[in-house]
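All chains are identified by letter, namely A, B, C, D and E, in their written order; residue positions are counted from 1 within each chain.
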Amino acid sequence: MLKIKELCAGYGEMPVLREIFLSIEKGSIVSVVGSNGAGKTTLLNAISGIVKSNGSIICNGEEINFLPAHAIVKRGIVHVPEGRKIFPEMTVIENLKMGAFLQQKTYQKNLENVFALFPRLAERKKQLGGTMSGGEQQMLAIGRGLMGNPKLLLLDEPSLGLSPLFTEIVFNAITEIRKSGVTILIVEQNVYQSLRISDRGFVIETGRIVLSGTGKELLENHDVKKAFLGM
Amino acid sequence: MTRKLLCIDNVSKHFGGNVAVSEVSFAVEEKQICGLIGPNGAGKTTLFNCIAGYYPVTSGDIVFNGLNINRKRPDQVCRLGMARTWQRVKPMSNMTVLENVMVGAFASTGALRKAETIARQELLVVGLENYAGKLAGSLPIGLKKKLELARVMATSPKMLLLDEICGGLNKTETGIILGIIRTLRERGVTIVFIEHDMKAVTSICDNIVVLSSGEKLAEGTPVEITANPEVIAAYLGGGSSNA
Amino acid sequence: RPVKLGFINSITGKEAQIGENLTNGAAMAVDDMTAKGYAVTVVREDDGGDPKNALAAYEKLVTRDRVIGVVGPYTSGSANVVASRADQYNVPILVPAAAKEEITMKGYRNVFRLNAPANVYSLVLMKAVADFKPKTIAYVYAANDFGVSTVKTAQENALSMGLKEVANEKYQQGQPDYRATLAKVKAANPDLVFLVSYDADAILLMRQAKEIGLSPKAFLGAGAGYTTAQFAQQKDISNLVVSATQWTDDVNWPGASDFGKRYKARFGKEPSYHAACAYEAMRIMIETASKTEDPVKLRTTLKNGSWNGIMGPVRFSDYSGFTNQNNHSMLVQQIQNGSYETVYPAQFSKKNIVYPFRR
Amino acid sequence: MMKQAIASAFLVVAAIALPLLIGDNPYVTGILITLLMMATLASAWNIVGGYAGQFSFGHAAYFGAGAYSTMIMLSVFNTNPLVGMATGIVVSSLIALVTGSIVFRLKGHYFALASIAVAEIVRLTVLNLDFTGGAQGILLSDVAFLGLDLNSKNPFYYGMLSCLVVTLGITAYLRRTRTGYYLQAIREDQDAAASLAINIAYYKNKALLISAALTSVVGSIYALYIRFIDTTAVLDLRLSIEILLTAIIGGVGTLWGPLLGAALLVPLAEMLRSNVLGDAMVRIGIVSETSPIGMFFKDGLAHAHVLVYGIITVLCILYLPKGILGLLRRGK
Amino acid sequence: MLFLQSLISGLLTGGVYALAGMGMSMVFGVMNVSNFAHGDLMMLGMYLAYFAFTLLNIDPYLSLVLIIPLAFMFGYVLEKVFINRVIHHPHQNQILLTIGLGLIMSNSALLAFTSDPRILTTSYSSSSFTVFRDVSVSVPLLLSFIITCGITALLYLFLSGTRTGMALRATSQNREAAQLMGINVSRITAIAFGIGTALAAAAGALIAPTYYIHPLAGHSFLLKAFTICVLGGLGSVVGATVGGLIIGVVEALSSVYLSSDWKDVVVFVLFLAVLLFRPQGLFGKKGDQ
């Protein structure tokens, strides 16, 4: 599905990602974990075209690295960004509509799915996005992402700010989404949860992949335990 | 007998028709760490905003250190010794990390040297000493959280309102922050702590208040709360998944 | 060796439009004089309508270019500032067209003015209609120096003529809508409407006056916007408007109509009185300066000389508080069938004034 | 730190000695006065616009307040110019306070827009009142002050220079105090600043007041210098924009930026205005004044100098986004 | 009588103000830039209408059909070539850039068209009809008012009903997120500036038959456009419309019942009062967190 080779990216003169190699199987869930500032968000931003990068990113056999962000979305790569970035002065329903910007046909069907997944959004259809609580905004952001019929869904800390109950719901939702054939790349601090549902995991440290394996392998890895699980 | 530092008395906050906080009362004792938990949209941040002076309350009273602070501006509240952090971090992006913390330190001193000393100390406490000269805007989220903490600590508060200070951090980093918070308590700071990471909450809080749909659902020790069926239903969910 | 003169004008900024007329007039004078064998270099400076720049320009002309005399500046503000420094540098200036009275009322020895100052505009206009015994007057004028100065003296003149003031409306320039203001004037039903406007405001005001049916016994326009060819072309609104001017092309001053024709041939439009003023000022300056070669002598020669050209007889004399002021006889003209006809004073006019105004 | 202090001291000495070097050259001195004036105005603006991040488009109001107060006090009450200057400070502070109290609660563009509105109200009021000279402006023939020869330029050169030194001094001092830090914090994030015990409105007002008072003093000196003022010359939006332009092109939020901006823009504008290029080309004889090319350079350029100024502005913004100071810093 | 007369003419003039304000609001909303070149863009519209009339003999109101697309393209290109390059720069640079562009436009116009004002005189330029006893209504103003209403309605439908309209709103709220929705934000920004320019030019063209045409003629509308923008609520189309009408009426009434020289002061005081009591504007939404 996605092949990344020698990906380098940075802000200004400071390099953040140095030669990332990564490949993602179609239909799998892949987690990227790493400490703060390791470059996880930058990686997602580079894939979705928000950050300029060097190297190659190949999606379904097509080089997408030098495409602008909106063209990358067209190819089914949907990014739910860190910090949610919902449209503050649009209502919940309008936010969701924006998510379906390129996918008008499936709007109604997706809307129902999203509402089923997050009933709170259905209750608050008319509320302005900006006035939703932190967690509500997170649901909205994920819901908005799903409206775009992703083939590859990039989730940047989807459980950030969610209550345990909702964290549960979101992770369940992620596995549900995968079942419908969507490939998912998650960046998480909730390392346990995300590795638990992942087929593969990568550990990233100061811009390099230092470890990879199946979710289970990583969960049992001593270094991972020490660095991320506080054990 | 410990003194009650903060008393929330029947506080409500409405946004138009939305009731975000509804007749909530509780008190926080001096040097206590009080957890404030609840489902998303329960009104936790709103309550913080009311306490810290960003929103006027619709009704009720907020008494801090014996003083009613209902009508105080945020800066006045901070001057009285109550500082808060932001769920969505707000670094002063074009200033350096050190300068960010110095801004906080100026709350307690007018002297540049002294402010710098305080700021460096606080940076050391949170482990950002090596980032002092970096622009705050370039820090990753986790470090920004630490910066938030250092910055409010520099105001030498009596009481801290921490809004999801561990959000976006992994377990190990959360552990570090919790460690910092413990040292703060030892310094005599009272803390109200919003967090979704139950492990963090239960490990550090003396007392927990649970909000749900704006109302107070329960209050008690961590043990009581984790066993409370209502709390489990509304908030924790079935399989406690927080390994 | 050619004689060196300076010319300070506003060719950019808000005053650029009138400035261009002065540029053209002065250029014609230079060419005419060169053709007559005068050797002259004119250093041209733009002040953009800003007194600070005018001062810089004057100081540059005096200290760097070492000119012996300066024509300009055009705007009253700039002229005021430069005039106040002229005695310090002892290089005379000849103000061609600035209307503010103050400029030649401070006793500056080195400041000369060709045109008649603001007070004369209203004076001639009211004299021109005095015989018809109007009773009431309304003022509508731009909130600028020229507008305010002119109306101030108009009010004095009106008082002495026994005219009653029924409306006084000062407006900010450049508004699209004066209808409300004019409606208010209409409600006061004045015999005379005294207008002072620049540029196209004049057209706008008269257009909207027609729209709302304001129709006094006479519209009196003080110079500027009411004396342009463009205004006259708008026949359906400008017909029979009376205006005061420093110059017309049908006046019987030597060379006036010839100047009008040649100007039109060269620049493709009718000259405004500003152009004539600049022409004559530059001509006088070149002629005098060529005789003298140093600023002090230039000053005395200007002071003692007399000329007779397209602006009629010119002498810089001291009278009723003025110093070195040409006691210029202003003209009153009326638009009759799309062209300006001089109607007052009688010795310069060919046609009679049409009164009362009718649409 | 030390190096900077020595450099500044050297600059000041050089500036003090400059008039002696150029001798009796009123034209050049006049341009230098304008340069110092714009540098001071831009630096004063920078305190509130650059450090506190509150973009004022209305600084002409403070400049005009100083100029008008001085002229009115002199011409009507015949007072010492210092009294006029003090009155100017009071008046401009009042204007600043009114503006501040209306908009400093708000975030974003509001201050910028409100500052225009206030400045326009001031301009129109001065224009419509009588004792201000209205549209006719105020002309002053002669001023006496401390026995100085006010027809000479040097007193004004040194007057403006002192203003600049004071303004830069205040800026440099502020940067090293709590207020300076607070202003920057407010610029970066108001909510965060408030949560750190910063009384936003107070500090914004403080910055605006300091800035307004300094601007007003410059206005006073300018009025004494030029001795004729009207609303177009001292209260126009164009002046406000020129101040802003100077600060931004130099480098906003920096100590030396505004000075650099003025040092670039003022001579540039004068060179364009007096058409140095066209003049030189004709004088050297590269082109003849009567040839079409010569006409273009001599006449066309004279008409186009504001256009060229606009083009240079645009190029500066496109290629020097951080101002001249940014360029110099990068060069290092 | 006087009241009715001034009310009507104020309302009709307000229509044109509204259009000018709307263009400003559009650019403000999407790009967060105070466009100081707005007046100059209006001026371009005036000249376009003038030349369409004098050279091609096209009625100024009819010429909108030409002017709007032309101005749109001009604005689009302007954005692509200049403004787009500073879109990530500090806000002050963007403002300054528009100031510089404005200087360039007005001074180029000065060179090209000279500073002589032009008058666009149509057969109906100074015609009016009487409605009620003595109250006259200017024909050209009424026409332009009707056209303004039409344009407003179209714009409103466009923004709320079309995909591009939605994209415009989304971009105005969060560029990066809009990008992630598959919106080509740099195109959208250019479109926004194009629309802003088209509206400015349309306002210029509409006022041309009742005003004069001059390289600096747009400047007197710049501040009005700002005022209207804030009055109505930044970025709100309906707000700008109502704001424009209010300004028109307030000006007219205050020049009758106060005096013509204080009417602008009244407008600015009103503006400050709105900032004081309703900072989000009359139609602005209050949502910022």
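What we mean here is this: contacts are C-beta pairs under 8 Å (C-beta built on N, C-alpha and C of every residue); 3 or more make two chains touch, one makes a residue touch a chain.
Values in this document were obtained by computation on a predicted structure and should not be read as measured data.
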Other chains in touch with both chain C and chain E: D
Maximum centroid distance from chain B, chain identifier (CA atoms): C
Between C-D and D-E, the pair joined by more C-beta contacts: D-E
Between chain C and chain D, centroid-to-centroid distance (C-alpha), Å: 34
Centroid spacing, where centroids are CA-atom means, of chain B and chain D in whole angstrom: 45
Inter-centroid spacing, chain B versus chain A (mean Cα positions, whole Å): 28
Centroid spacing, where centroids are CA-atom means, of chain B and chain E in whole angstrom: 47
Chain E: positions in contact with at least two other chains: 107, 110, 261, 264, 288
Multi-partner residues of chain B (at least 2 other chains): none
Residue list for chain C, restricted to those that touch at least two other chains: 12, 14, 143, 170, 172
Touching pairs - complete list by chain label: A-B, A-E, B-D, C-D, C-E, D-E
List of chain B residues in touch with chain A within their complex: 15, 18, 37-43, 45-46, 87-88, 138-143, 164, 167-175, 196, 198, 234-243
Complex contact set, residues of chain D against chain C: 25-27, 30-31, 34, 124, 127-128, 134-137, 139, 141, 151, 226-228, 230, 232-233, 270, 273-274, 302-303, 305-306
Contact footprint of chain B on chain A as seen in their complex: 11, 14, 33, 35-38, 41, 82-83, 120, 127, 131-136, 138-139, 157, 160-169, 171, 189-193, 226-231
Interfacial residue positions of chain B with respect to chain D in the complex: 52-54, 73-76, 78-79, 83-86, 90-95, 99-100, 102-104, 106-107, 110, 112, 115, 151-152, 155
Parts of chain E lying in touch with chain C, wherever the complex brings them together: 1-2, 5-6, 9-10, 13, 16, 107, 110, 114-117, 119, 121, 125-128, 134, 136, 138, 207, 210-212, 214, 216-217, 219-220, 248, 251-253, 255-256, 259-261, 263-264
